[in-house]
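One structure follows; several queries about it will come next.
Chain IDs A, B and C follow the sequence of writing; residue 1 opens each chain.
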Amino acid sequence: MTFLNFLISGISLGSIYAIIALGYTMVYGIAKMLNFAHGDVIMVGAYVCFFAVARYDLPPALGVLLAMFVCTMLGIVIERLAYKPLRQAPSLAVLITAIGVSYLLQNGAQLLWTSSPKVFPNFFKVADQTGVKLFDGQLNISYVTMVTIAACVIIMLALTWFTGKTKMGKAMRACSEDKGAAQLMGINVNATISMTFAIGSGLAAIAGVLLCSAYPTLVPTTGSMPGIKAFTAAVFGGIGSIPGALLGGLLLGVIEIFAKAYISTQLSDAVVFGVLIIVLLVKPAGLLGKQVREKV
Amino acid sequence: MARKLNRNLTAAQKTSYMCFFTYGVVILIYLMMQGLISSGSITSSLKGMLIPICAYIVMAVSLNLTVGILGELSLGHAGFMSVGAFTGVTAAVALQDVVSSNALRLLIGLVVGAIFAAFAGFLIGIPVLRLKGDYLAIVTLAFGEIIKSIFNNLYVGVDDKGLHMSMLSDKTQLREGGKLIIGGPMGIGGIQKISTFTAGFLLVMVTLVVVFNLVNSRAGRAIMAIRDNRIAAESVGLNVTKYKMTAFVTSAALAGAAGALFAMNYSTIVANKFDFNTSILILVFVVLGGLGNMLGSIVAATALTILPEALRQFADYRMLVYAIVLILVMLFTNNPKLKQVFNQFRTHNMRGKEAE
Amino acid sequence: MKKLFALVMAAVMTMSLAACGAKEEAPSAPAASAPAASAPAEGTAFRLGGTGPLTGGAAIYGNAVKYGAEIAVEEINAMGGIQFELKMEDDTHDAEKAVNAYNALKDWGMQISLSSVTSKPAEATSAENYADRIFGLTPSASSTATVEGKDNVFQMCFMDPNQGSASAQYMADKALATKVAVIWKNDDVYSKGIHDTFVAKAAELNIEVVSDTTFADGNDTDFSVQLSDAQTNGAELVFLPMYYTPASLIFAQAAGMGYAPKWFGVDGMDGILSLEGFDTSLAEGVILLTPFNADSEDAATKSFVEKYQAKTGEIPNQFAADAYDCVYAYKQALEAAGATPDMTAEELCELMIAQFTTMTFNGLTGEGMTWAADGTVTKSPKGMVIENGAYVGLD
């Protein structure tokens, strides 16, 4: 039973990583840049939702929508001002700019909302219960976990459909394969990439709300560590692969919890990263990543 | 002036000109600083930053070897700094009673730090260099985190029977008169501050000599060939793994020495200092200074270490301003349009100066 | 060619940077040397400096100290008599930045110091305090190494080991539990210091530590493993030597699991009730040893809490109160020693050492505080329990 409980904890942690990783992988897959500010967009989304619900008493659903709207706008503005001028620049330059944006968001949040932690309200309660208890309360599944997993699957399916079937989605895939050729085929590359950021940032808002519902302490640095872990998860599953992000996130969460439970709470991070290295050695492009052949 | 002189030089002459120009700049700045120190007109703030700046310069130049010359993105460079810091300080503390000269102990610390970091670089290099691109980057990140985790749980003590080590909890059982050097999450405390600015300057010079000589050697050209086209390099019979490893291990060793220098400038050091954020900070120095441009790394490391201190007058807005400056600098140096505007402004200014 | 051009530009930038540096140095240089060398013209106030994390993950503690100290300085300056000029510099909870901040304060002309807010930075800056002979009184850096071997650095807070053994002693005296679990932060000096002495003392007092688990930065969101380890090993009480941010997560997750042991916190737990949005029923019955209670009816505390709320909109925690006390302790010591603002830092240092080792101080965080020559404070921690969303004194 404890094993099952740990598995459930692992899945609930993993589903959070997965939902963040989906946003990461989406942006990476198309714009080919590591958006280190993604974690901080998550934080902004969580703050917006917190203020909407806890301070201005808006219904939670409206709070989430508002957070999505603000994050989408933020994503577009960041992209327009900081990343778009660097479209032709080496990818490392964009990486550093993203780090600058990350610092900017963190410090801006601290000035706006102070450094005192806020406790995020839990929306996912039924009759004052935060979860389902099975087998005389020995097994616990929280509603947040169920919602997060459902959200992950829905987002994953939606993204797969979007990139596979719609015109915009096809344009995105074209840009990711060859920007030059896409341009020649009449695709507006700039608009497509901006759109990717808008979607990625909107997803970040959902991730932020779910992250803070599961682990309710909200500070300006809330997004940074989960962001890095989710990035790891995205690579684990094969960066750029949408189902890979889901799988990578879930596995990372489960491994982390099992490492804590059965090896050592002190060395759990070392174990997680050790497993990651071994997996990458066996499958150098991640679990579900495409191995691209190099042409001469 | 410099532009005109160099118009007719060959590539080889240019590189060697670059080397000597860089050495010259470093020596000049060192002498200037020494002058300021001896005349007593330096602020405590600047004086306190001299040694960390030297350490960061060495970090940046060594990372530039991996990122700029070898062309592989490393996100765990601070891990090597950590290995160097902890092993170097341990050596210096353990030899406290044996070697009385501070300078010699510092030297031993630096060398030990470099050796251990090189060894760590070698171990890590075996799996890492088989990977490519972002996957390689994430594995270096993972190694950085693992090193941090290990040092957070490592206990090392010294007594008359030698060094004792244990993991997870303090099981060293030191005899009377023994001393716990590394105390897990407490890190190392009560370090004697034996690093000096001159030692830092010498380390920077050694680093530059090592890196420039490597880059301008046969091995260096091979490394750059691998960076530019691995398949072509392989096809002409270059041993890719060997050359990659040479660059990676050299870079790690230099970072280790920098770590030891850095640690012995503070009375206390913890494993958490050398985390992902520090690795990123060093990477920022490298990218800002220009890939493969060692002088650029030196300037960027110096400027970005001083910048947050110079911004103290902004109080609460300090880090916000820092972030904005960072973004703007990246935009101005990398966007073709903005760059053009900037260049026009520069040439205009220069012409004005020449006319004078 | 382009590279060379960039190089020249870089060199020009360095020069201009150096020029900027020189410009900045010019006005500050006389200020730096003046208070140390001779009587400054404006030297009517003691220059009091301190470093703390004003930005970054630990910013809440640094800002609490900053505001607490500011309130005390405003009050004292309004009284006439001794005047202070206060400057807090940001160290982002990092030893390197703390030394930089300390040096910036030295350039500013700091005469007496509040050392650093958090433990590891304070270990680094207190070594500088010792070398420069600038007296330091830290509000909240509680590790042993902060004061160890430094005759001129003193603490306003309890030392970590004392908290650990006091907590174990308290549990034994009140017979709270025989089986105890500890969850601590593995990469934090504060948490580690308390944990180690707690475990040692608990063994002496026949309290069995049945579960001993950790977490670390970046690994501080999910506590299900730690909690179920405590639960399966039958711990009746869980000891949490940590700050309140992770503790709030632990309470929420334990409630989700249906695990309800007794909770026991240390001074870092103080402040949990003022967390915005926190469901205080989760912390019902938490016992903590803390020197400060913001809900106290005592007039001095009430006035401090009011002023703090007016200034920041938040309820002060123990860090703020310790900082407030530090400034008042300085006032008392400076008055008793007959110190004047034109004295050098070194002269003040000797006077302060003499005062602090002999004086008795009453403040918000305790009555009849005294300091030993090694810099540690003696004051009695108050046992508090959280009942109906408020702290209630236990004794």
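Annotations
Basically, a residue touches a chain if its C-beta (ideal position, glycine included) is under 8 Å from a C-beta of that chain, and two chains touch if they have at least 3 such contacts.
Remember, predicted model here, so these are calculated numbers, not experimental data.
Separation of chain A from chain B in touch steps, taking the shortest path, is 1. Interface comparison, A-C versus B-C: the higher count of C-beta contacts falls to B-C.
With each centre defined as the average position of its C-alpha atoms, the distance from chain B to chain C rounds to 32 Å.
Distance between chain A and chain C, defined via averaged C-alpha coordinates, is recorded as 35 Å.
Those residues of chain C in touch with two or more other chains are numbered 55, 186, 216-217. Touching of two or more other chains is recorded for residues 149, 152-153, 316, 319 of chain B. Shared interface positions of chain A, i.e. residues touching 2 or more other chains, are given as 107, 228, 266, 269.
Per the touch definition, chain B reaches chain C in the complex via residues 2-3, 6-7, 14, 18, 21, 25, 41-49, 52, 149, 152-153, 184-187, 189-190, 193, 262, 266-273, 275, 289-290, 293, 295-296, 299, 302-303, 306, 308-310, 312, 316, 318-319, 346. Touching chain A in their complex are the following residues of chain B: 67, 73, 127, 130-132, 134-135, 138-139, 141-143, 145-146, 148-150, 152-153, 168, 230-232, 276, 280, 283-284, 287-288, 291, 316-317, 319-320, 322-324, 326-327, 330-331, 333-338. Residues 55-57, 59-60, 63, 186, 213-219, 221-222, 224-226, 228-229, 232, 245-246, 248-249, 252, 255-258, 275-279, 312, 314 of chain C touch chain A in their complex. Interface of chain A with chain C (complex): residues 2, 5-6, 9, 12-13, 50, 54, 107, 110, 114-121, 130-131, 133, 137, 140, 142, 214-217, 219-221, 225-226, 228-229, 256-257, 260-261, 265-266, 268-269. Within the complex formed with chain B, the residues of chain C that make contact are 1, 3-11, 13-14, 17, 20-21, 24-25, 28-29, 32, 54-55, 89-90, 92, 94-97, 99-104, 106-107, 120, 123-124, 127, 143, 145, 148-149, 185-189, 191-193, 216-217.
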